[in-house]
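Below, subunit A partners subunit B and then partners subunit C, in two separate complexes.
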Partner chain A sequence: MSDSQAVRFPRALPAVGTLALAGSLPRILTMLVMAAVLVLSAWLFRAYDGATPLPAVNLPWIESLGVNLHLAVDGLNVYLLLLTALLFPVVLACAWRSAEARSGLYLSLLLLLEAGLLGTFLSQNLMLFFVFWEAVLIPMFILILVFGGGEARRAATAFFLYTLAGSVLLLAAVILLGVESWRQTGSWSFEFALLSRLHLGWGTELFVFAAVVLACAIKCPLFPFHSWLPLAYGEAPASGTALMAGALSKMGAFGLMKLALPLCPNVSVVLAPYLVLWAVGSILYGAVAALRQDDFRKLVAYSSLSHMGYIVLGLFSLQEAALHGALLQMLSHGVAVAGLFLVLGLLEERLGGSSRELTALATHGPRLAVVLMLFILTSVALPLTSGFTSEFLILFGAFQKALAAWRAGSGALALVAVLLATSGMVLGAGYLLRFARAILFGPARSGSRVRDLKPREALAFVPLLLLIVWIGVFPAPFMAKAQSAVTQLTQVSPLFVKGGPGGISVPQPESNPPKSPFVKGGLSSGNGGADGR
Partner chain B sequence: MTRLALIPLLPLAGFLVNGLVGSRLPRWVVALVACGLPAASFALTAGLFRELAAGGTPVTETLFTWAALADFRVDAALCFDQVAAVMCLVVTGVGSLIHLYSVGYMAHDKSFARYFAYLTLFLFFMLLLVLGKNLLMTFAGWEGVGIASYLLIGFWFEDGEKNAAAMKAFIVNRVGDTGFILAAFLIWFFAGTLDFRGINAFFAVAQPSAAVMNTIALLLLLGACGKSAQIPLHVWLPDAMAGPTPVSALIHAATMVTAGVYLLSRLNGVFLHAPAAMTVVVWGGALTAFLGATMGLVQFNLKKVLAYSTMSQIGFMFMACGLGAFQVAFFHLFTHAFFKACLFLGAGAVIHALHGEEDMRRMGGLAKGMPFTFLTFLFASLALCGVPPFAGFFSKDEILWSAWSAAGGSPALWLVGSVTSGMTAFYMFRAIFLTFFGPCNAPEKAREGIHEPPPSMAVVLGILAFCSLAAGFIGLPGFWRKALGFPAPFYDFLAPVLGHPPEAGGAVHQAELPLMAIAVLAAALGIFLAWFCYSRRPHWAGKLRERAGVAHGVVSRGYFFDAVYRRVVVRPADWLSEAVLARRVETALDAGTLAKPVDGVNAAARLFSRLQTGSVQGYLFYVLLGLALILCWGVTHV
Partner chain C sequence: MAADLFHALLPEQLLLGLILLLMLLEICGADRRFAGLLFTLAAGAGCGVLLLQLGQGYTADVVPGEIRVDRFALLARLVILGCGVILGLCSPAASDTVKSRLLLASSLLGGLVIMVSAGFIPLFMGIEMLSLPAFALMVHGRGLSPAGEGAFKYLLMSSVASALILFGLSLAYGSTGSLAIGAFAAALPAGGPPLLVAGLLLLSGFFLKAALFPFHGWAPDAYGSARLPVTAFLASVVKGAVVLGLVRILSAASLDAETVAAVTVLSVASIFYGNVTAIRQVAFRRLLAYSSIAHAGYMMFALTDGSGGRTEALLYYVAVYAVTTIVACTCFRLLAGEGDELALLEGAFAARPVPALLLGLSALSLAGIPPLPGFLAKFFIFRAVIASGHLAPAVLAFAGSYVGVVYYLGIVLRLFRPSALPSKAKTASSPCRSWGGVLLGTAVLLLFMLVPGVFNGLA
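For the complex of A and B:
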């Protein structure tokens, strides 16, 4: 098999699998398709060394508008490719005996979702990206609606409309960028590579940035755009929640990284401190909200809000280590939070409605308890787990950046924000250990029995746990794959000035006087003339 | 793989074996794995130690590169230098002994394998902490011992209170850990390295500014306070006694809680250039030593007396660190590990014999039933009280001497130390008289079961008691060194890393003997008072308590630290989470972002549906209106 086929297949296979579901053993077929995707993705992951690009798929789709079916593995999506490909078979394995797994609809939705997610992460064409970005909503919406809990209808509608509303502005931004490319190069194109070389005016950049940030802040989500989150995470079927928290939420962070930073470098640099502040607000809000949450699913939902904040903090610290941390946090959080929701799902499956009052799992199901504890410890960011690696790098990078900025005299705001984010470590330990205490420990109740982890389920968790430990102990090979992409991101704007041991120092807002947005002149030349090229 | 890497990896292997398959193995296999691998680590350590002592150079080993970015590079590397060697000997030595002791102690527990898995996991993380070549490795061990401690405090997880204690320990430690990690960030910012030797070398030649140095040092101190149970982060230690007693001996007395002292000694290059922070270290240590001792005076729980005593003794070590006498602090750490472990294990034997009774008011007269345990407990107590020639005498005396004579010391500091050591003697002998003498207050049923510990436990007690007696002779105080012409191999060995003990001039040395005599007298007075109040005139104790009144209340409630933290930190956080965020903010957000837009859309729909009147005139009007608007636009824009 040639390399170019290998790139096409992770996306094409789920689509093929969708059609093949009329067969007698839909579950097995689905699993086989997912396993094939996993094998291919793992192979691509191995093959990608961080520097030499793997051959990509690039087929014309709507030629007149420059919309291509362009998929490729790069440093930014290589983790997410692995994460997505890994989560789906794991989720299916955990849901194997559940009622919904017998339904063909459920299986098709899973495959559609996988196709959409992989498409979003791999696409190198903005319009294609947008199509996949929106397409992901549909299977998820139906998944919540049909297989969700009591308030599924409300949750599904809230999730769908809320995130859709966020993307409306994004579409405008996408079209605006297409127009820009037409004005500047004379032909339509939505290729990322080309768009990131356009000279956008301050106003255009600001608009694109705002649109992207809004869409992504809802998707991630960030406080205060998270209202759909506890609702959707609470009502979706466990497998759906695991996928939403594990993979779908990463779309938001990925969007910020893929669109906001390279396409709007100047605005990103100027507004980065405020986004850092915002992210820290989200971290703390999620952590505090999780402190007294009795509903386990909502607790993990708020913890997810908090942990997603770290990713945004890492991204907008615009510092090498922090960006690496943010990338790793996507992978780490994806694995850990999916694991948490899957274990909760197994408990719900075993106990029905009474799972929310479950205690003393350590007595009733020791193996389940161990697995749950490991995921909790990853979320606590204990060293030797992936959570530590990523959060350490994020906080480290953010701190170096903020301190350098402070010493250069540009305000202590960022530094204060990072210090507050560090206190999230304590809060995180607080709510997660409370969670552990509530569900794992305590006096055993007579009569309540839980079937312990079955070999099939154990097998499903093993790759997640291995990944957690691997990134925790020996993250260097992972980071090597993302190195060139991170370097590119840190050098994307002329405003990123190198300096001091802290890496990149302050942006100078004065060098880029914000014009009033939407000024006509901003469309063509503006002041972005020094970027990229 | 070299021997150095094997030292921590052997316990890790033990953890994996016992943790994964231990519940299916016969108990003797579990016990063999649990005792054999740490013992092998000890043997390896001893071998490396001998090479180092014979004049070898410190061994370092880079396992792999943890991160290799353009601006950030850290290796997973181990380093076996003099300080690490001593600490490693203590950890593996005492650790192996306590594993052995636990075989007898936990023999009847249903989670035998899980216990040893946790205990060896602790050993792995502790060795990582000790052997880490840079701050990152040490931090990994630092947090790791925290989680091992969490698991072991909450070992009997069916008891809700024990879980609460475990949680409290981890969270309070986490507060300290943020200090540690922020200090590491700052150090990287200025020094560009996380390597201990690199850091010390960097700050030896280039100190950024006093403020920066003090900030770094204070953040490190915060980390050390969390781990070493120093005020104000000491509140977890008394609660941590909920764990099995051998755990208290290993983690909460001999090894983990002294990690703060280890950290301070490791980064002496930072602290020596942060004079203000050093003052805080000294007086913080003195305060903890003093308050810890006072809280020990009023406790009736045998293990909690020992816990407060541990806190107080580590206060002494911090005091020495703050005076720049890191090697002296280290010597006290070394001797303390033996006698405090011996005390805890002795207490464990007592508790074991009484089937879990920890209250000293329901003990008494046990010296008859368990003479060997009593003897070892007595030896260790004498060492703790600083009675010559027991180990504690030499190490504590050197600290008191530093408090008097070193640069940051003062007679006031010495006085605090001496009064504290008098109180130490009082509460220890109070414990001895309540536990081993007088009438037996144990219930009838428990009284018959009183027995000496089984041989595996007794051997350990014996070895530790012997060390409590003998370990002091390798680090004689300066006065005795001169008078007897005897070397101090302990200090000489550590000199390459920690420097030589601050030598005072001959004239000042004359003060050393009287000061020493006063300290010994203080200890003797404490013992005498304990004998008088608790053995000779037992009713005096109650009278004293009544006289003390308010003061007694304050001290026995731990100076209200817990209550204050509950009011100031825990409850407001809960209130914020529950009353503000969950009830107000979340509902408002839901209404604002979910309900309001829906209402808006509904209203708009009603509005537009009203336009669909069905009358042709109406529609014609809209068309004309639209046309007019377009014309207007055209006129203004063309």
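For the complex of A and C:
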């Protein structure tokens, strides 16, 4: 029972904290709540070993329709639980002295956002997932609107309406899945475990897949659906941008992984090559657009677009190493991009509007410069940082898959796409290092002074940097936790080898898929996690 | 029999007693605060009785073929009477005369009669008793103002609706030989031209009363010209009673394919028309009118259901929509006083956070943003519709409701926008009674959100 309490707390505590804001020290209270969530999440992360699921919370909400408040930790959300729990206290610590942190509204919005995000990631019930997925929009909308820059109104509206547009079809798909469960089992249910065992018709599956991909492509975002991104990332307060890029964008990738792959396995397998091409397009578009930016925030925003493309590439390579890479990239990109936006936010707070002309930070504020450089390096995917581990795994896996497809005679397009994706890394190095050169070095202007990192802020960045290095040097303990979930996801592919509809033939996956080079023992290809369809 | 008559119709008796007492008070010229207290007590006691009867699982065939109290009657009366209590608490002291209480009580009585009727005669009487005091309420105390025009339009359209309903009833009587609702509902699937026409005429009458596109012409003027509490009353109790009255007739019976097609087209058109037109509105009451046209679309959409989930879905929808509208109207009045322009809301959150927050949440709930109860209400409707196999119209309706988010978001935007100007939100006099109403409404909505199966739990 104590275990089930522990799963419930990360969700319940932010809500309790929201109520407690009337107190005299709202900031400290908020921080305490966030720290408690972090401790509990870290404990859950440690306790989760990848095989035995931890006891879950499962309370009925709409009993007659099988909508339950079902929250549990599994291999897919265990990283994101850690990421979300980690980002919020860091963000609050960075904004500690700012004007907005004194406002009760800001603090309650942060807590609501944390509750919504954790709910999205932990929920094991499709309807509940949808409710949290949408509910996250409200606090973020108000956060941008009230604490954003001059164009905040336009940015907030664009953010809200764009992301909501994706949900129109998603809700229809969610209800349709419920109806399918009602037709096939005789009772309504939205539990993921049950829905993934349903036998959907080709048309239904295609509809659900399209709805999920559209919703997630807007949330991530992927290339043609990104137009809200520069506006929202540019206008939101620094803390809001950090959370949006660090945690909210992961909801999109998580949705693809949690909904599209297990619920529509047949369509996923058939359409995966096209999604890979799409992701590569997004990677390249983001990189090229980032090359053209002068504004640092916009540059990081587009680089985020490019990096999210890698996650989608990894997911739809449907290959074990690539999936591991995608999962790690969620964590790594979340930490790195949030760190970048937070450092930029600190610079804006110190310098106001003149932060755009900042040069020679390395001379004025060496500690700030070191932190910024570390975040840049992990975004560039320098070896021994988490960025390298994850992007290498993604490209490695995608390349294996593409090579297999080429050998099987389905054309070299996939191979070309993966090679192009690799060039995205080179472009990434180009724009990010240019950015680093411009801001860190260069002629020191006389009279320009930047206060260096204060101990409080330095302390806030330490966990992020530790995580980056840890994943970069020794990712095996992380990957072990996700292993069974990844195996289960890759199992979806053999399901449809017998021949796709409309004569689309699906290449036979390799009988012995190559293992990630990072993993030593303990990660056998055993099918312990395979579902017994 | 007599005991049954008394016990089963206790809420109606209470309202009747209240009406008589209020008449006496009006003659004696008593204090109007006393009238408000009486109203709240009587309506609250009625709700208590209904809850008690629900707990016992009480059913009674009071007058065979004419009046029957069953589970639906209990729940629907609870919804109507509950809205009456909240509305009574919310109405402002300034416009709150004994006469307005009297009219409100009579209208509520009409609503209750609709819900207990098992024959078409009491049903028709109930509809008229519901609407006639509403016209009077609209012009009451307004002198020469546009309110007269709005009320007159409403009166005219409402009589057309009554005529349509009567004509439909006579056709139904002609083909079934009975005026019992059950006989009509049982004969409906068999079809035949007279019954089909009767059904269509009945539906058109109800659509007119509920302001579904393209029968909506009276709504913007009527809603826009009345005082805000009366607008809230029209949008919540009157509309809710009409929709639930339709459910009383059709219960869970599935309609024939042609009617389903017509209802689908009309409801989707209504959702789009209401939501698109509402975007351009700058006055709160007109915005509410167009939003209520869209909501009529969602409610009527449930009629296309053939899986038997219609009754529960509509009870929940009507309850949530009515209470949310009342809370939104009261909060708007607390923020903007007697004004009607949306611009009055600019920066209201900074000036008066609690009503602004509640208004914002109500707007988002009406827009159907999870996890607010308005979303759950839509979810129940769409669940029933999609389970009946109407996926494409449901997706269209989703798109229509997405369009609607724009103007609800506009309200939230105005509330939270940090404005350079000093807030225009007036500190209107807010009697603590209004707060009582708002808090009660919010508590009810919270209950709906946390326990969506509340109606199942009651029975």
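What we mean here is this: the second predicted complex is superposed on the first by the 492 of 533 C-alpha atoms of A that agree within 3 Å, B and C clash if a C-alpha of one lies under 4 Å from a C-alpha of the other, contacts with A are read in each partner's own complex, and residues count from 1 in each chain.
Everything below uses one rule, namely that a residue touches a chain if its C-beta (ideal position, glycine included) is under 8 Å from a C-beta of that chain, and two chains touch if they have at least 3 such contacts.
In this text the structure is predicted, and so the values were computed from the model without any measurement.
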item: Contacts of A:M479 with subunit B and subunit C, given as first, second, both or neither; value: first
item: Residue contacts with subunit A in the superposition, subunit B compared against subunit C; value: B
item: Subunit B versus subunit C as contact partner of A:K250, first or second or both or neither; value: neither
item: Partner chain in contact with A:R153 - subunit B first, subunit C second, else both or neither; value: second
item: Partner chain(s) touched by A:A321 [first = subunit B, second = subunit C, both, neither]; value: first
item: Contacts of A:K258 with subunit B and subunit C, given as first, second, both or neither; value: neither
item: Partner chain in contact with A:H333 - subunit B first, subunit C second, else both or neither; value: neither
item: Which of subunit B and subunit C A:Q400 touches, first, second, both or neither; value: first
item: Which superposed partner A:K219 touches (first subunit B, second subunit C, both, neither); value: neither
item: Touching both subunit B and subunit C, residues of subunit A; value: 161, 165
item: Complex contacts: residues of subunit B adjacent to subunit A; value: 64-72, 76, 136, 139-141, 143-144, 147, 150, 154, 157-160, 163-164, 167, 170-171, 174-175, 177-178, 181-182, 185-186, 188-190, 192, 573-574, 576-578, 581-582, 586, 589-590, 593-594, 597
item: Contact footprint of subunit C on subunit A as seen in their complex; value: 61-65, 105, 127, 130-135, 137-138, 141-142, 145-146, 153, 156-157, 160-161, 164-165, 168-169, 171-172, 175-176, 178-179, 182, 207
item: List of subunit A residues in touch with subunit B within their complex; value: 158, 161-162, 165, 224-228, 230-231, 285, 288-293, 320-321, 324, 360, 362-363, 377, 382-384, 388, 392-393, 395-397, 399-400, 403-404, 419, 422-423, 425-427, 429-430, 433-434, 437, 440-444, 473-476, 479-480, 483, 487, 501-503
item: Subunit A partner contacts - residues on subunit C that touch it in the complex; value: 349, 353, 364, 369-371, 375-376, 379, 382-383, 386-387, 391, 394-395, 398-399, 401-402, 405-406, 409, 412-413, 416-418, 452-453, 456
